[in-house]
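Just below is one structure, and these are the notes that go with it.
When the chains are written out, they are named A, B, C and D in that same order, and each has its own residue count from 1.
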């Protein structure tokens, strides 16, 4: 079967590199175009990129000529698909331009996550939200569309919230994150700031953590999205860890549950049927660890090739109802792989081909 | 004025070393006796100790002969005073023996913190709790007594809780700590476990964090202690930081308060009058930092020579009422210096001389 | 083809765990017996081991009952083969006992590395040194024998020394190592000692670095080994890196060479023909990196599944002749995998079957 | 006695901040002018600076208005004195302009370190090299002059080299450094590059390490400098340490010496008499540590307030003659404090007042 051709916008940054690396071995997609900043345009990708993510530039992409980020990319496909790894400001300006020009924009950027009718997607959580695409196209008069993946910190906390919402209802959450350095890109956090230290601040992150779950956990009904009705308070911290965002969460449930019931809910939960068709969705999606000292970033971030949620410390909360800790790999599940999963969902649902 | 002679029990461990270091330059106290394990008994302290805390063995203590930890220490003083840096199991066995033999035991160990009538003390928070000593002596038929300082993690979170309790009432708290390596002693945490990692577990710590504040914030009335009536949920994490415990806390207040009111309460709060007489109690006890990225362990742990609470990120909590972050130096304010402050309080109140 | 059955002595320690992990997927060998300390004897391996090396206990070994380290192990094979991951003192006592009882002891321990007629082996460097086995058996009247792999720090520096010895002659070397934490086992180095620090001392390591290369680079002639005639000065340092030993080496050659000639020698060097038959010997054995900032432990330690030498910074030395830096993965190439390679060599040469 | 007024060029960078911090409490000097980049000119220093070095902006400097780096600064003094913390390119352009305009430029920048007749100074090592100032002024027709302090990596290795040169003669040195993050300024090294890693490259550092010692150890004779005749080979590495450069050095001596003789030379060496008059030169300048695991960056960098050399591991080298390890605090002895010492020397020698 022929692969679906795709482009990568902002392919020379760290998230872009991760897209290129993962797509180079993807069973369904094939990178045929890459875009980059003015400095790199016109050069072979191999030369334009400062490859920092480990391994080496995939051969299949190395000789592509970096193009400007303009909606004149010749990609093929129906509609033509672009993964966006653009910086926020560029994403804000350019993603609508691509959607208006008929491209399917599968973005990892934050610019349009909370925009009306843009699906904020994790296929294992809310695959039906792609139903918003029709309304998005109608409202904006776009032949193309935008779908977004959530912030990497939101991702780390969200799956158990979904499970508990399904099982017991979910009214409130206090989320404290311990986030990895790679979440800030490269060069990102100065070593002078973080060695022998913790920084209790990541610009904009608390707001994302407090809003995005309400959209992800919202209900798609009658062609529109009803945000989940819950209160969230979040505090993001940077810790000296290379990869893996750890979230410590206390939740107030709609109906009471014991720790045992919460654990059972986690262990019994199954992702939507459609996820079995997505090649990147792992068999072990939610790994519950009973040990008192798990999850840990270094030990658990690579579970299921960085695509699982590892969850532990599920206990009664003496103030709210239940508390837990969860970890995901922030540059895989929480970024590039997450967007690739979104594209796989779009393919299965027939939005792209 | 002659100094009060004191002994240090368990003087060769890391907490014991810190006692020795701090007491060597103390204006009121003078170390005249040190005890240690069987391996070190009979040797000069200089030789028995494996000094790991930086600097060097104080000259005034270096030649003291390490004695066994038995209540036959000749110290002088009325009553004779011993600081206890004993491991928990030893403390459980030996501290009552010393109290029964007439010694004032000023302990940093956890064994008797929650025992009836043992004051769990931070002079700036509950200096009146020493009133429990009489009941303790009566109940146990001890001529001596025990006073305890709280766990270093409790310490990091507690002062703003006290301020808010005074100002608004305090009904509940969710406490997440990011704790330093030195809290585990030496050799403590293996480098293989913590480099590029976070460990979400410290044995026994959550329970201490959930109980000790209720005693510290309790009311001494009619010769007895009424524990504070509040719910606390705690999650302790170990992070790769050398010193300084950081606490992220959300609180439910007795009456609502805005962030501005909470900040004003912190800025206006004054420790009890008696603290002005304690040489170790710093002038800048509660340092409020308005910057969004403070407090940080490395930048703030040494404030006021490691004796201050640095507090920041005071904000409305969307789930409870107010949240904040606070840091203290875990081996100074949270351990040795805390116990020394307790002894200073006992001296001012006339319990020791 | 039936696999060769093997035992692992000291299988519950960190090196033993690595043996078990690697042998569980080995094409030629199969673990049929494991030994451990008194505490673990009689229990299933799964229960006796505190598995700390990542991943999980292989199913094929999990249910083996831990046996005492005595030469009554029933292994099968001709002769029966044991991999030794024993602590030094145990190795010193027990390895000769096993050799005397007819076992082939393939050891990673240091006890007999420098003993007369014990081959100190890296198959890609000195496969002919197994010729010493006959003399070893004769001298000790052993039906079995011992072969040893070198210290992990020696390993990191040695391959370019071999290349330069072959190409130009080698008269002297100054070796400075920057060694990883995992080299000290578990719990090994205290986090309190190494965070934000370097420790310029690893007990016994300098002597090993100064002696083992002379044996590895010695000549097997007429049934005996002539140690290489060279002077070596070594300084081992511990750095806060999880895995990967980095060596900075200056060498004095037998005949002068430019940096270009040295690089060419590295690039043209081929391991002995027999290594092509060893399944663990990687195709890319010696990776030369021309970038000025390579090799780096985190980026290069996993090259060729942790079995390669990555070499860079090959330059003229203004004091000696040539200098370079090299890295190997200390727990793979430098320990367990190195010994497994030795066993593969023994199998190809017919010493075990 | 009135203080000597001074200016600080490039006062808003990290080295500039350190100058400001140290000079604020200096007994002889007083900062009366600060310069900065275009962005900061015209603003109070307190506002223009992003203070990152710990503590807070000294009150005495906080309200100075940042001026452009032009030789119209009104400072007073004879000649007017400026400390230069300029980036290299700016230093290359501007320092001669200041010297030509009559200023005494005491620089920490590298631009003119190796220029003919510019003294490269460490007062405890070569105070007589200020004799070059006359030739410098004559050759360039400058009423002012430039004196420079060496690179922080050179500084870490140099004092034992001087001692051995004095005692035995010095013919060659191989220097391997393990350098701290703060040497790269702020933000400097990305945390993504250095956590769990070592980077064997610091741009330009090897060349500085190979040249500067020859000038520092050269002889001032007949109004000119004869560079020391020695061969040096250097390899600079970056390690995840906040402060403190560690050097591992092997030296070839003019006449043989045992380790004991080398240690005795270190212990008996006295700095030049004039250093007793310099308030920043510490009483304990060269601290010899006999322990096998010293010096260590974290434990030894603050010795004598960061102004000492701590030296250990003095042993016979099997390849050259003697080897040792030494550490200095790179931002104090190796940078700002070093330049302040140079100014103190100039004051005592009458070059400034």
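One rule holds for everything that comes next: a residue touches a chain if its C-beta (ideal position, glycine included) is under 8 Å from a C-beta of that chain, and two chains touch if they have at least 3 such contacts.
Just so it is clear, the model here is predicted, and its values are computed rather than measured.
Asks: Can you check which chain pair, B-D or B-C, has more C-beta pairs in contact?
Replies: More C-beta contacts join the chains of B-C.
Asks: Can you tell me which chain lies farthest from chain A, using the average of the Cα atoms as each chain's centre?
Replies: Here the answer is chain D, farthest from chain A.
Asks: Could you work out how far the Cα centre of chain B sits from that of chain D, in whole Å?
Replies: Once rounded, the distance between the two centres reads 42 Å.
Asks: In angstrom, rounded to a whole number, how far apart do the mean CA points of chain B and chain C lie?
Replies: 48
Asks: Which parts of chain D, given as residue numbers and ranges, touch two or more other chains?
Replies: 195-196, 240, 242, 299
Asks: Based on which chains are in contact, what kind of graph results: line, ring, star, complete or other?
Replies: Looks like everything touches everything, fully connected.
Asks: If we count contacts the way the header does, which residues on chain B are in touch with chain C in the complex?
Replies: Of all residues in chain B, those touching chain C are 52, 181-182, 186-196, 240, 242.
Asks: Show me the residue ranges of chain A that touch chain B in the complex, using the header's touch definition.
Replies: 172-174, 176, 178, 196-201, 210, 231-233, 235, 237, 239-242, 246, 248, 250, 252, 292-299, 312-313, 317-320, 323, 325
Asks: Note which residues of chain A are touching chain C in the complex, please.
Replies: The contact residues of chain A facing chain C are 54, 195-196, 299.
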